[in-house]
Structure formats: structure tokens, C-alpha cells
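Below are structures written as C-alpha cells.
Heads up, the next two complexes both have subunit A, just with different partners, subunit B and then subunit C.
Right after this comes the complex of A and B.
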């Protein structure tokens, strides 16, 4: 025996060690609880973060694509499903001169062959470095220089390192930089200037790859991106674009984001409801378990009482036990949830079909700390009834029942 | 040392109400060994619980070393029980998750104290003949041994009064003899002993013997 005194804390530890089956059961409950709270919060934050990223990254208020290709555009942006479609470049000039247009640029899409450079087919996006306002601002976050001819920038989900070569249609291109994760389909895209894309197009053409017969990058584009003048009504501009151009689909970024946000709200709501319900169930279950085990241990508490333990001390033992159980469960739960959420988060994001990005480390750690605090408080909270019951029971009655 | 005046305890309410204890008068002097014999249900445990402050009486007063003790708050009552009154409860009284030695040290630890309880605990274990079991867990011990552990534990803080509720209840003759001799020693060393026993045990042992009948104490 060590030279310590047995404080309520140490008595609690001894009790937990003795009733190992009971302790394990309670710890599992606390583990589930903290795993759900932590996992649920992280998932929700991932979705919120993804949405925020998507808003920032799109940059454009309005996108114009061929009339039948709106869903393809959304598939590219949200899910990273590559596709290409074209219309005449001359339309860009028409849009440029409309009232309310602050900036206007166009992009040219290509798709790579299956698993040629990367794990799967990728979206190739060509931007015009002179007019672009959508891609370059965030390229500049990771790559300060002007993108040279023949160089590409890759999305974060493409498994290549900076400085390596990207092979496309039998030609190699320098990877100048890798972009930060957005959680959108754009993570699976490769960016280059229209000049570089033109070379790719020619190389592909030489290899016999036909995209669309008349899709020469000199005369065709895939989408027109527009930034609306500050204060100008977006709807107004959408109307005049429709009037001016035929055979195009005008997509408002905001409505696309709103649509995604709506979906996201539902997922988040589900997560909150589920966590909330689970939290309540777990508190009740833990509370019941504590009351039951306190009943079972009445004699033990009666003995302590005859030896001079105050009511406060008895309550302290129960609360310490509950606190330790939920602390242990809380830590295990967070670790388990982290082991599920983090390794599989790419998969989860794909499954949800929504922008999904891990929040910054500080937020993850913060969530962990808050979860742990919640978990640690819930144990004693659930045990309050048991503690009151035991500390107020007449010892004599306890002893009679225990006999 | 202990004076009990007109003590009464009523359980239940309305039709169910009944007096478990009535008009109890009792005085215990320092170093006295008193035994009370009564059949089950006569109110013996109720009396001990009242003295230990685990139960509040309906009427009456208890003076311990000259002080009225019935109005103490929980902390003071607990501390009095912890320091001055050793209680050997009816039946099984060990904490299974603590070793025998730790069980003995428990009363020492319950309130802040200076010193190291180990020596005293070992000395008590020696006195009750269980020193070799110091680091054993109670589940390994026999009924008679457990009773002796409980008695040693009750003596841990050198109480002025030892209360023992049917301490020889389930024990054979030789164990019973051992324990009675132990109580005799304890009383001779100055600690008052108040023991209650079932009449089947027919123990007319001690300096004074009382009978308990239907809540009344008879000489």
C-alpha cells in the first residue's frame, strides 16, 4: 500500500476497477456518445466549410453554358465528373458589352483519356490569363508567378507532386503548383492557359481523339464567366443575356450555391437531430445505469456511512466515478470518430455529392475539446439523481435492505 | 460517557405507525461492557443507529461525553461517528475492492488527519490475529475473520465507544468466544462497549446485561 489516503477520487477508481463489467458497459455508452457528438460536429463543419469554399472559389456571379449543358456544369463543379461542351467564342464579345458586366472571361474544357495521367479521367480547364478573374486569384495563393506556356496547375485530389510531369495525350506538362482543397469537383481538375490547352487539343487531335468536330479553341469556348457590377441587379443581367444570346443556359452561381446549401442544411439538420436524440437517450441510459448500480451498491455506501463518511463524500464518490467513466469514454469516442471521419472523409464527401472540406486544425482540436467537456459533464450530470438518492437515503434503511 | 434519556423512535405514519423504541433510559460509563439481548424486531438495531447518529429519534435526547448530539449537522455528526464511535454493523461489513489493511485505514482517511495509519492498522490486525491477511482481499476471508476485521476497523480511530450489532450472529462457539474476549480486552483498555445480541445466542456477557422487549429496555 502506498502512502496515499483514499480520497473519493481514489475510491472511485478502485470501484471502477472492481466492477469492470459494469464499468466497461458504461464506458462503451459514453464512448458512443462522444463519438456521435464529435463525428457529427466534424461532418457538419466539413459541409459548412465546403460551402464557404465553393462560394469563394467560383468567383463568378453568372456562368453561361450551352443550353443543354447546365447539369454537366454542375456535375463538373460539384462532383468532379469530367465533360466538355462548346459554343461559339463570339458570344463572349456580345456579353462583354452588356450593361452591368464588370468582368467577363471564358473557359475551354477538355477531358483527359481514361487513367492516362491520373487515377481516372480528369477535367482540363483552360482559362484566358488576360481576362480571367475566377481561377488565377486562388492559383496565386499557391503559385505567385504567371503560369508559363506548357505548365499546368492541378487540383488537390490529383495524385501528383509539384515539379513532376503530367502526361496527357502522349505529351508531358510541368506541374507548376497544386491548389488547396476546395471539397468541390474542382479538386479533380487540371488548369492551364488557353494556349496550353490548345496544344493539348492539337496533341489529342493528332492522336485521333475527337472531342467535338468543330471545337477549335480559337473559335469555341465551353463557358462564359461573368462578374456583375457592384450594385447591379444580377437578375436584370441574366434577363438581358437571355435576350441577347440564343441557345445558351444562364446559370446563377448563387442559385447553384443556394441549392447546395439547401441540401446541406438538410444533412446538417439530420446530423443535429440524430446527435441530439442520441445525446438524450445516452444521458437517460447513463442516469438509469448509475441509479441501478447505486442501488446495487447500497451496502457499500452504508458501510462508508457507519465509518463516518459525510453525505457529501458519498455523492462525491458517485460523481467521480461518473466523471471518470465519461472522461475515458469521451477520449475513446473522439479517437474512434476521428479514425472513421478523417481517413474516410474523401469517400464521405463523394457519397454526399456536396462540397466537403475538413475544417482547419484549430477548429478540429476545438471541437475535440468541447466534445470532451460535454462528455465529461454528461457523466456526472446523469449521475446526479443517483448521487442525491444515495446521499439522502437513510443509512439504516439501506442496511436493512442490504441484509 | 453516554447518557440516553427517554429515547423513542416511531416508524411509519397514520395506521402504519408504530413505536420501535420507547422510553429508553441508558447510561454507559467509560470502560464499561454492556450487552443488550432481544429477539429480532425488538428494536436493537434502531437503538444503535440512533446512538451512532444514523437515524433521528422521534423524542428523547442523547448526551455523548456531556454534549447533546442530536442536533449536529451531517458533517459534525459524521465526524463524531468517525472519531469517537466505532460501529460494527449487523451482517457483512467489508468493502471488497479494498484489501484488509485498506479497509482498516478507511476510517482514518475519511477526515483529514496527520500521520500514517499503517502502523496502527497492523497493530490492530495483530491484536485480532489477522496480520497475515493484511494485503488479502476480504472475499478470501471466513465469516469469523471478517467480523474481526470489522471490529479492528471500528477501533481504528481509537473511539470512546464501540457499538456492535449482533457481532457473533453467524459464528461458531470458538469464534464467538474469541470475539467476546476481544470486547472484554477493549473495554478493559478504556473503550466502552455496547453490544446487542439475539436472544438465541443467549449471551449474558459483560458488566451489565439488559433485555430489549418490544422497544423497551429492561434491566
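Right after this comes the complex of A and C.
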């Protein structure tokens, strides 16, 4: 008969299959661990990416809106909740002449109707192509030409049913380009020149849609965007604007970014703490489970020892068992977390109310590999005590126990 | 009547997934509320999924009480086909609203897809297991 020697790896597989209940319990623990670590890491990266994009996207240092509409502006920028508000266009001229203003432009907001182009209402933003410094540099990443009248540019989250036309207030507009994702509410906006927005406004007016009384785009704007001269104190300019213009709210981009970054830090801290605590709990629980199971299986290992297995081989069996459990649990955990964080990423971003963009594929794959390595290492690490204990046990004494 | 462990396990899993598919789009991951102009297409997807999920749940119950492996294999193939149909309805045949941030698009659609993919994955693995066991017998 051909001699067949079982390696520690083969013995470990047989042991795992034989003790299926124990194996299932330990695999579930490893699964939870890798799901928490992988899911938490991806969520943190999404928030970091979103914040980075938001910083790049907000081209203005200061935004001026009607006094009661700061929260609406933030809702447009962060959550994509459409709204429109207006003040007199003449204020733009006053701002332009203030000391410290390098560039100044205005935007006009409209909202589409429900179930029109995109099923839900979307924000329509009109910009002046001659003075704009906020929208156009960003548009030029995907569309190099000057945006013609009658054409629109859509945010990355605007869905076109068919073709390249967008229907708004019963009129069709050519879609010149779709912008890259930023993770901010501006992904749900449609951009057009002020002339096109005027046409939309007239079409809406003809359809009976009233946004606000006397909101004629020739005389009213929704926001004034300002770029401050280099070296000039932003706070100083904010003071001058407040002094010069009454009834307006001055929003500093930096304070908005800082506020968002603070919120993001708190979420990330919670995720790190949760993952850390879970990691520690899993190591302790797995360690205890391996020690207890090694104690229960003392006689089994003693028999293997009398059959000629070396101490190293016994330790090898325990470490292989732990490694395999961690590997299986690690893979299942990553798959489960991936089935939550990727398909539901839009919903998660909306619920968090912060800029949220999925990291690039390479970073996702890297995170998966690192998570798997951590999970695979933790099992054998937790089983070291059990492996040492079992390999140092005296076979004779164990065999006599219970006799 | 002799019940099989595999029949009970797969029956319970399909029953739960079927109920989630049938009830979920109206409750825990509900589609958008009707608008002034009436129902949007996500409503009709939810209605279709009630039928799909109900069918899967019913077949799941049947699996619980069947001992014949041949019949269980047949029923599992039927369940897999219904899950694929569910995927087609959610993503192509009817679909959901276009707006990426609308509840049906960001929550109902991924939830139904995840349930269907999980059901298909489990169904395929279990089917392979049943077929291999049958060959061994």
C-alpha cells in the first residue's frame, strides 16, 4: 500500500470540515471583522475624496446671497436640494467697486418642474460667460468650447433618458457635455448661460410657473461670487460688503469647507474608533476561542503526538486552521461590505449630507488587499497562544487525564 | 415525511429573500411616493416585484417540505429564473426613476439588485452541491 502522509494543512482542512459548527462560528467572527474594516475604510476614503473635490469645485472665496437664504445655498452646494432666491442685480456693481475684489460674477437660479426632465426637480444655474470664473474652468475639464446659447451642461448625476436633449418647461435644450463627478450637490445641477436661463425663465413664465415675484433675470440675481485679490484680507472684504450692502448674507467658502471638514473628521473618528474596537474584540474573541478549543482537543493532539506528529506539526495544524478561518471570513466579509458600500453609495452620501465620492478602483483594490492581509494575519496571531500551549503539552499526562 | 436539511436551509433562505423582494419596495426600502401627475415607473417596478417575490417565497415554502432531490433541483432552477427576471425588471424592463438621488434609484434599486444577486449566487452554489451529491449517489 502506498504511504500517504498528511500535512498540517490537510489535517487543518479535515479538522475544519469535521467541526463545522465551531468553524462556522469563527468564520462569522472573521467575516464581521473584515466587513467592518473594509466598509469603514471605504466610507472614510469616500468622504476624504468628496472634501477634496469640494475644495477644488468652489472657485469663489466669498458668496453673497439674500440674508435669509444661506441655508438654502448650503443645501444646493452640499445636498443638491434645489431652491431659488433673488436680490437686485445692481448690488453686483457695488461689490465690483469694493477694494480687494479681484473678480466678481453673479448667478441666477431656477428650479425645474417635478417629473420633467429628470423625474425630480433639479437646480438650474445661469452664469455670465464674460465674467464667470467659478463654473467655466470646471466645465473646461470636459468641454473646451464656449457654451453656446440654447445649450446646457449637466452635472454628473443628471440622467438623460435618450439622446442628448434635455426637456425643461416644454422646451428642448442641447446637452453640450456632462461634468465630472464632484460628490457635491452641484452634480445634480444644470448649467447654462444667463441668456439661455432667460429663455427658460420665459418658457416657465408662459407655462404659468412663478418662482418668486419680480424675479426677472434682467434685474435680479441669486448669488454674487467674489474672488479676493491675493494678499488681501478676506475678513476685511467681508466687513466692507456688510457695510456697503444691506440685507445680504456673506458666506465665506473657507468657513464652509472648514465646517464640512470638521463634520467629516467626526464621522471618520467614529469609524476609526468602531473599527479599532472591533479589531481588538475580534482578536481577543478569536484568541479565547482557539485556546478553549485547543483545551477541548488536548486528547486529539496527544493521539497525533503518539502517532509521530512533531510539536512543530501540532502548532502548524492550529495555525493553519486559524489562517484558513481568517482567509474565508476575510473574503466573505469584504464581499458583504462591498455589497453595501458600493451599490448604496449614493444613498449613504445623501444620508451623511457631506460631499461623498467613491475612491478610484486602484485604491479600492488596495484597501481590499490590505483588509484581507489584516484579517489573515489576525487569525494565526490570535491562535499563537493556543499553538504554543498544545505543542508544549506533555502527551503522557494528557492521555492519563480522565483515567 | 422525511425533511432534508438542505431543503429546510434553502427553503428558509428563499422564503426570506422572496418576502424581502415582495414587501421591501413598499416598506423598508420603499419606492418614491406618487407625484401630482400620478405614479412614476418605480411604482410599477415595486408592483411587479411583489409578484416576483411572492412567487419566490411560495417556492421557498414548497422546498421546506420536499424530500425528493430531483424536484428540489427543478424548483431551484425555477427560483433562479425568477430572480433573473426580477433583475431584468428592476434594471431594464421597467426600471426606476432617472434621478440618481431619488429614493427608488439610490435605495430600492440597489436593495433589489443585492437581494437578487445574493439569491442567484446562493441558488447556483446550492444547485451545484445538489447535482454533485446526486452524481455521488
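Just so we're on the same page, the second predicted complex is superposed on the first by the 393 of 403 C-alpha atoms of A that agree within 3 Å, B and C clash if a C-alpha of one lies under 4 Å from a C-alpha of the other, contacts with A are read in each partner's own complex, and residues count from 1 in each chain.
Everything below uses one rule, namely that a residue touches a chain if its C-beta (ideal position, glycine included) is under 8 Å from a C-beta of that chain, and two chains touch if they have at least 3 such contacts.
Because the structure is a prediction, the values reported are computed rather than measured.
A.B. asks: So, on subunit A, is it clash or fit between subunit B and subunit C?
C.D. replies: fit
A.B. asks: For A:188, decide between first (touching subunit B), second (touching subunit C), both and neither.
C.D. replies: In the superposition, A:188 contacts subunit C only.
A.B. asks: Which partner does A:344 contact after superposing on A: first (subunit B), second (subunit C), both, neither?
C.D. replies: It touches subunit C, and subunit B stays clear.
A.B. asks: Between subunit B and subunit C, whom does A:98 touch in the aligned arrangement: first, second, both, or neither?
C.D. replies: neither
A.B. asks: Roughly what angle, nearest 10 degrees, sits at the C-alpha centre of subunit A between those of subunit B and subunit C?
C.D. replies: Seen from the centre of subunit A, the opening angle is 70 degrees.
A.B. asks: Check whether A:159 is in contact with subunit B, with subunit C, with both or with neither, and answer first, second, both or neither.
C.D. replies: In the superposed model, A:159 contacts subunit C only, not subunit B.
A.B. asks: Counting only touches as set out at the top, which of subunit B and subunit C does A:203 meet: first, second, both, neither?
C.D. replies: Neither partner.
A.B. asks: Looking only at subunit A, is it subunit B or subunit C that touches more of its residues?
C.D. replies: Counting residues of subunit A touched by each partner, the higher count goes to B.
A.B. asks: Applying the touch criterion given at the start, work out whether A:303 contacts subunit B, subunit C, both or neither, answering first, second, both or neither.
C.D. replies: In the superposed model, A:303 contacts subunit B only, not subunit C.
A.B. asks: Identify the partner contact of A:80: answer first if only subunit B is touched, second if only subunit C is, both if each is, neither if none is.
C.D. replies: Second partner only, subunit C.
A.B. asks: State whether A:311 touches subunit B only (first), subunit C only (second), both chains, or neither.
C.D. replies: first
A.B. asks: Note down the smallest distance between any C-alpha of subunit B and any C-alpha of subunit C in the overlay, whole angstrom.
C.D. replies: Between subunit B and subunit C, the shortest C-alpha distance works out to 16 Å.
A.B. asks: Pick out the shared contact residues on subunit A: the ones touching subunit B in one complex and subunit C in the other.
C.D. replies: Looking at subunit A, the two contact sets are disjoint.
A.B. asks: Spell out the part of subunit A that touches subunit C in their complex, as residue ranges.
C.D. replies: Against subunit C, the touching part of subunit A is residues 80, 114-115, 118-120, 122, 157-161, 188, 339-340, 343-344, 346-347, 350.
A.B. asks: Under the definition above, what is the set of subunit B residues touching subunit A in their complex?
C.D. replies: Per the touch definition, subunit B meets subunit A at residues 45-46, 49, 52, 54-55, 74-75, 78-79, 81-83, 87, 89-99, 101-102, 105-111, 116, 118, 135, 153.
A.B. asks: List the residues on subunit C that touch subunit A in their complex, please.
C.D. replies: Contact set of subunit C toward subunit A: 32, 35-37, 40, 97-102, 105-107, 110-111, 113-114, 117-118.
A.B. asks: In the complex formed with subunit B, which residues of subunit A make contact?
C.D. replies: 1, 3, 5-7, 14-15, 17-18, 299-300, 302-313, 394-396, 399-400, 402-403
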